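Here the structure is laid out as structure tokens; the discussion comes afterwards.
Chain lettering (A, B, C, D, E and F) follows the sequence in which the chains are written, and residue indices restart at 1 in each chain.
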Amino acid sequence: MGNPIVFLILAGVAIVAAIMMVTSRNAVYSALWLVLNFSAIAIFYLLLNAPFIAMVQITVYAGAIMVLFLFVIMLLGAEQLRGVTAAIGGERWQQVLAVFSGLLLLGTMGILVFQGMGDGGDTAVTINSSPAALGVRLFEVYTFPFELTGILLLAAMIGVAIFSFKKKKKEES
Amino acid sequence: MNQDQLVVDKIKAAYPDVIEDVVDFRGERTIYVHTGQIREVCQLLRDDADLQYNFLSDICADDLLPDFPRFAVNYHLYSIPQNHRLRLRVWAEDPEDGPETVGDVWPVATWLEMEVWDLLGVRFKGNGSLRRLFLPEDWQGHPLRKDYPLGYEEVQFSFNWQEIDAKKPYAKE
Amino acid sequence: MPPVTIEWYVALSVILFLIGSMGVLLRRNAIILFMSIEMMLNSANLLFVAFARYLGDLDGQVLVFFVITVAAAEVAVGLALIVAIFRTKHSINIDEINLMKG
Amino acid sequence: MFGEILRGLGTTFKHMLQPPVTIQYPEIKRPVRPRFKGRHVLERYDNGLERCIGCALCAAACPADAIFVEASENTDEERYSPGERYASTYEINMLRCIFCGYCEDACPTQAIVLKHNYEMSFYDRTSAIYTKEKLLVDLAEGAEPAPRQVEPGTYDRAIPEMEDPV
Amino acid sequence: MTTSQIALWGLVVGFIITLIMVTGFAYTTLFERKLLARLQVRFGPNRVGYIPIPSRKGKERKLLGGFMQPAADAVKLFMKEDMTPAKVDRVVYFIAPMMAVFTAIAILAVIPWAGKLPGLPAQYEYFAIAPGINVGVLYVLAITSLGVYGIVLAGWASNNKYAVLGGIRATAQMISYELAMGLTILVPIMLADSMDMGQIVAGQKGMWYIFLQPIAAIVFWIVIMAELQRAPFDMSEAEQELSAGFSVEYGSMRFGMFFMAEYMKMIIFSAIFAVFFLGGYRGPFVDQFPVLGLVYTTLKIIFGLFLMIWIRASLPRLRYDQLMAFGWKRLLPISVINFIVVGVAIVLVEEGVFDSLIRSIQQAIPFLG
Amino acid sequence: MTLSTDPDAIQELTVEELRAKFGTGMEIAGDEEYMLLSMGPQHPSTHGVLRLLLELDGETVVNLAPDIGFLHTGIEKTMESKRYTLGLVLTDRMDYLSPMSNNLGYILAVEKLLGVEATPRAQVIRVILTELARVSSHLVWLGTHALDLAAMSVFLYCFREREYILDIFEMVAGQRMMVSYFRPGGLWRDLPEEFEPAVRKFLEFMPSRIADYEALTKNNPIWLDRTKGVGVVSAEQAVAWGMTGPSLRGSGVNWDIRKAQPYSGYEQYDFDVPLETDGDVYARYRCRMEEMRQSLRIIEQGLDNLPDGPVNIDDPKIVPPPRSELGHSMEAVIHHFKLWTEGFDAPEGFVYQSVESPRGEFACYLRGDGGPKPARVHFRTPSYVNLASLPIMSKGAFVADVVAIIGSIDIVLGEIDR
């Protein structure tokens, strides 16, 4: 499932980018770090023999969603929160809860990983993950969920449209 | 009846004492109007069905320095339906206490009065937007007045080159 | 160097999820908060793809495809909400926009 | 809709086939019209005498005050121009000149004339002062230079017979 | 071939093609300036580097006038002071031009330049940096969608209102036109039944897709112009409105990099258009002499560039909202309908409905190779 | 208002201060949501040194305030210290795109003040040249307007034809732009021989060139999108805000001074005044394009009916004597010297003379005090007044539209600032 050195480098990039994303004061920087994180994950997908998903990841996440984020940040001029509370912090109990649940998750993971470490080896099976195969699977097995996603997208689109229409009406009146 | 006479008659009918003088020169009629009532007269000239001076061509002021009253403001009116030009002239004894603005008769007057104030310093009563238009906002005085000190750029020739060059405010290297 | 096994991916995925959840809990900027959620979704995606490879089954990739679609819809609506809220409240601090009045 | 866009494209394409209209300036110069008002010169008579009589009408007519004339008396021993006086100093400040041609109109002897040279750039401001030496045209072939000694009474008339300019 | 050999091949070929591309970019600027000048009855740059030819009129700078102009431009850009305005966001300000150039170069990987050239490794079907990628088209889409970052970040980092406006415009524009782009790209994909760029070219043997699908070709061309931010869609830099838009605070070679990205993308997208609709490297006798493929690709790229410049010289710019309306209300429906029609038509063809028609067309234009 | 002290000052002003500064009629509403954008004075499409302060909601203009004065040269004041003839050269420099119209307005005012009228030949020549200047000015307008909308080829094609007109001006007056050709009482000199063939040739090729421009603009869908319904100003608004020229006629008010109050014998010419009713950018565009054709008609009629005779009136007190008389007539010499040193005295009184410049009503208010220099000169320049209605036209438009609107009212900053 990939070369360990490549894995470690990419994992390092992904983790550092993730941490920087969460801790950056400037929202634009956050977005950029997240783009880096997504790109690293896209390369993981390539390593995992999922080129189609990798390309979709870059196109949709890096190319559309993050650009949308940047767009909104610039539109609102909301790079940084003004006044009131600090960028990082929140209330005391939130911090405690966050750290506690983080440790819990980390512990679980540690147990899992150390238990399983070494028995599997590279057991991965080579699969035909060409876009065609994926498409066949998508449309033959998952036709109904696919349609459902379509409806979800439609609903989202209508919702967004209503938001923007409301604003216009308010301006007119 | 000719238009020139009609105007005078109409004004006289509405405001008997407002006309101070009527002068014809080179085929142009000038009606000297009492300073305090210029706005009413303008309103009448614009609204009267037989006159319809709907177009304010220009406002300009004269500085007749040795004479008194020192300032005169000309309103060049034009009636598009009647195809007739007319000049109203009012005296302004004190430039700070000038005629009333005609900005609500012809909106463009606000803009034209701004120029008059900027260059000649005749303040129009009720015009709230009198500001420095052509000149820097910290400019002192009103340059089109006759008592405004004139400068003169001494022309350089070979005999006085050195002398003038020494006085020039060249940028320091 | 031991070969890369599925556990490595599980570990990476958990760490990313963790960082994302930290971001959600700790940050006050609605947009960054939102981005953290996206990252949590992504860590799940990574796991899906890894297991798809591990099990030799395409279903994992199909699911990722769905997740990405849903995420796109979610982002569109969410950002529209943020913009709408910003226009009335002039803030994207979640502590300041928690009131139910407009 | 597409038809109109294609028409526009066709128009530009048509122009691509036409020869360029720009002039490759330093190599090829556009000929100026006869009335062109370019750099001034101070003319001479055919016999080499200066036309300028130092009347300073040009300086009076100049809207930009760019001309400075200082007149001195001619003598028959040292004659520069016909008539009583000549310009001992004649300077034009080219930084101020607007090339309106009023000086040429005002000159009663057609001494100052705006000729066709328009390449007058200079590097420093002092070169913009055109002195009489710079302005005065070169002597014609075989003409005597001024000043010169002449018989008294030969050149009394300051203003010559002239033709109307075209 | 092992993985490392593939990587080495990619590196070497990629390096060479990138070098060619950088030179090509420089000469594209010259081509644009010259052609624009000729369309506007001017000469264009003809001072730097010319061969004086004596003619009847005297010295005329006729031959190769200005062929060293790109070098002069480059020298000028490099010699200029590399300044950073005071209140910019320095990191992002530095990254933005790099992002722009990176995305421009990255697309090069999957473009097929020629057929099976002599000396090509045995398993490569065509000449490209990374041939045989089964998601080649998706790769193009993915990298294209990253292209907007250069502009957006430049706009934001410059701390200039014009730049921000340019950046915001670019974002909205790119996102909107990517939809239509994706939908139109599906047409050649469906026709060729593959996402591999080489397969798409191979599928056009005997029939370029532009003749099968002129609507898709036109829509795709318009979308390309929008993606490239070329006139009449150059919203983000809109000289007359935003002075220079996103690049207003950039100077020297940093500006040059944006310039480079734009012109390289022009070349690349011309190539992509050729691949999708003009038969890529295909042309007469290309099967016998694969080297001809390079020539055909070049010719088709030049044709694309010519079209872009010609359009730029002729059309006014759209307004921002009209551009968005055009993308969403015209191009998107057209491409959706077209895409559905093509889908239905392909099924019908597979059923054998149009066989005779296609054969007669193929006979009518055999020269397309 | 020009900010002389600190270039950053405008950024630091509070909204209240801005409102105070930009006053009524063009006030900045001042909401924190809006973005203040300073456009110009160095901006590619503000046609010189106009500065606009825009208040934007996204890209929509909420408010707009023009800021002028960057090119103020004090021409009105300078002219008070110049003799009537010498002041003429300053009028060239106001509307530098059609100096002939400015010259004509000023010269007609001087002649009116003096109570003289030019000879028939001079009048016809004046009309021909003024109309040529109108065409050349409209060519610059079309070129820059098209360039504002990024149709860049039109710009260069227009300038090619303008070059031809400027060449005619050089042929006539010796200068391409600052012509100063009209003089009190007539003209500088009579027309040269090659004038008529050159103009005839121009009349011949110009219609096809106008067709070329229209091929690139008139029905182009993008052009229509950009111009139709943009910057609409109704007839009432246009009159109330003092708009003149093609900008006024685009709103459907039929007022052309050449028709309404003819000067220089315009009543003898047969031409139409193009009229559009939409009042948008496109209507103004149509008006000007048609005006070019009408100008060509006027020029042709002028050439056909060019009377013979002197170009200057026979009054040695106003017009310098011909050069050929100087050599033998002492009287001529005296007049010549007197005119060029002292000028002529104009009577006491004031006149107001309007002419139809390419941009609208150009008028000159001239007050003489009996001496050789005017006591007061005032120019009513069309660009200055037309600019006043820019805020009402631009409200609700996009930034890109503002550029189109500025182009459509065809302002010349030299004329606005004077």
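Operating definition for what follows: a residue touches a chain if its C-beta (ideal position, glycine included) is under 8 Å from a C-beta of that chain, and two chains touch if they have at least 3 such contacts.
This one's a predicted model, so the numbers in the text were calculated from it and none came from an experiment.
K.L.:
Considering only chains that satisfy the touch condition with chain A, which of them also satisfy it with chain E?
P.N.:
Per touch definition, common to chain A and chain E: zero chains.
K.L.:
Counting only C-alpha atoms to place each centre, which chain is farthest from chain C?
P.N.:
Looking at centroid distances, D is the chain farthest away.
K.L.:
Name the most central chain, where centre means the mean of Cα atoms.
P.N.:
Central chain is F.
K.L.:
Counting C-beta pairs in contact, which comes out ahead: A-C or E-F?
P.N.:
Answer by contact count: A-C.
K.L.:
Quick one: which chain's Cα centre is the longest way from chain E's?
P.N.:
The most remote chain is B.
K.L.:
I'd like to verify one number: the distance from the centre of chain B to the centre of chain E, where each centre is the average of its C-alpha atoms, in whole angstrom.
P.N.:
Whole-Å distance between the two chain centres: 61.
K.L.:
Could you put a whole-Å number on the gap between the CA centroids of chain C and chain E?
P.N.:
Centre-to-centre distance between chain C and chain E: 34 Å.
K.L.:
Please tell me the distance, in whole Å, between the geometric centres of chain B and chain F computed from their C-alpha atoms.
P.N.:
Here chain B and chain F have centroids separated by 21 Å.
K.L.:
When the centre of a chain is set as the mean of its C-alpha atoms, what distance in Å lies between chain D and chain E?
P.N.:
57
K.L.:
Residues of chain B touching 2+ other chains?
P.N.:
Within chain B, no residue contacts more than one other chain.
K.L.:
Considering chain D alone, which of its residues make contact with at least two other chains?
P.N.:
5, 8, 11-12, 15, 21
K.L.:
Which positions in chain F are in touch with at least two other chains?
P.N.:
Residues 153, 157, 160, 216, 220, 222.
K.L.:
Spell out the part of chain E that touches chain F in their complex, as residue ranges.
P.N.:
Contacts found on chain E: 36, 39-42, 161-162, 165, 169, 231-232, 234, 238-243, 312-322.
K.L.:
Which chain F residues qualify as touching chain D in the complex?
P.N.:
82, 85-87, 89-90, 153, 157, 160, 163, 167, 170-175, 178, 180, 188-189, 192-193, 212, 215-216, 219-222, 320, 322-324, 326-328, 333, 336-337, 340-341
K.L.:
Tell me, which parts of chain D touch chain F in their complex?
P.N.:
Touching chain F: residues 1, 4-5, 7-8, 10-12, 15, 21, 32-37, 55, 57, 60-61, 63, 98-102, 105-106, 108, 110, 114, 159-166 of chain D.
K.L.:
Please give the residue numbers of chain B that touch chain D in the complex, ascending.
P.N.:
Interface residues on the chain B side: 155-159, 161.
K.L.:
Under the stated contact criterion, what part of chain F meets chain B in this complex?
P.N.:
1-5, 21-27, 68-69, 72, 74, 76-77, 81, 112-113, 115, 239-242, 253, 255, 260-261, 349-352, 354, 361, 363, 365, 367, 375-376, 378, 380, 384-385, 388-389, 417-418
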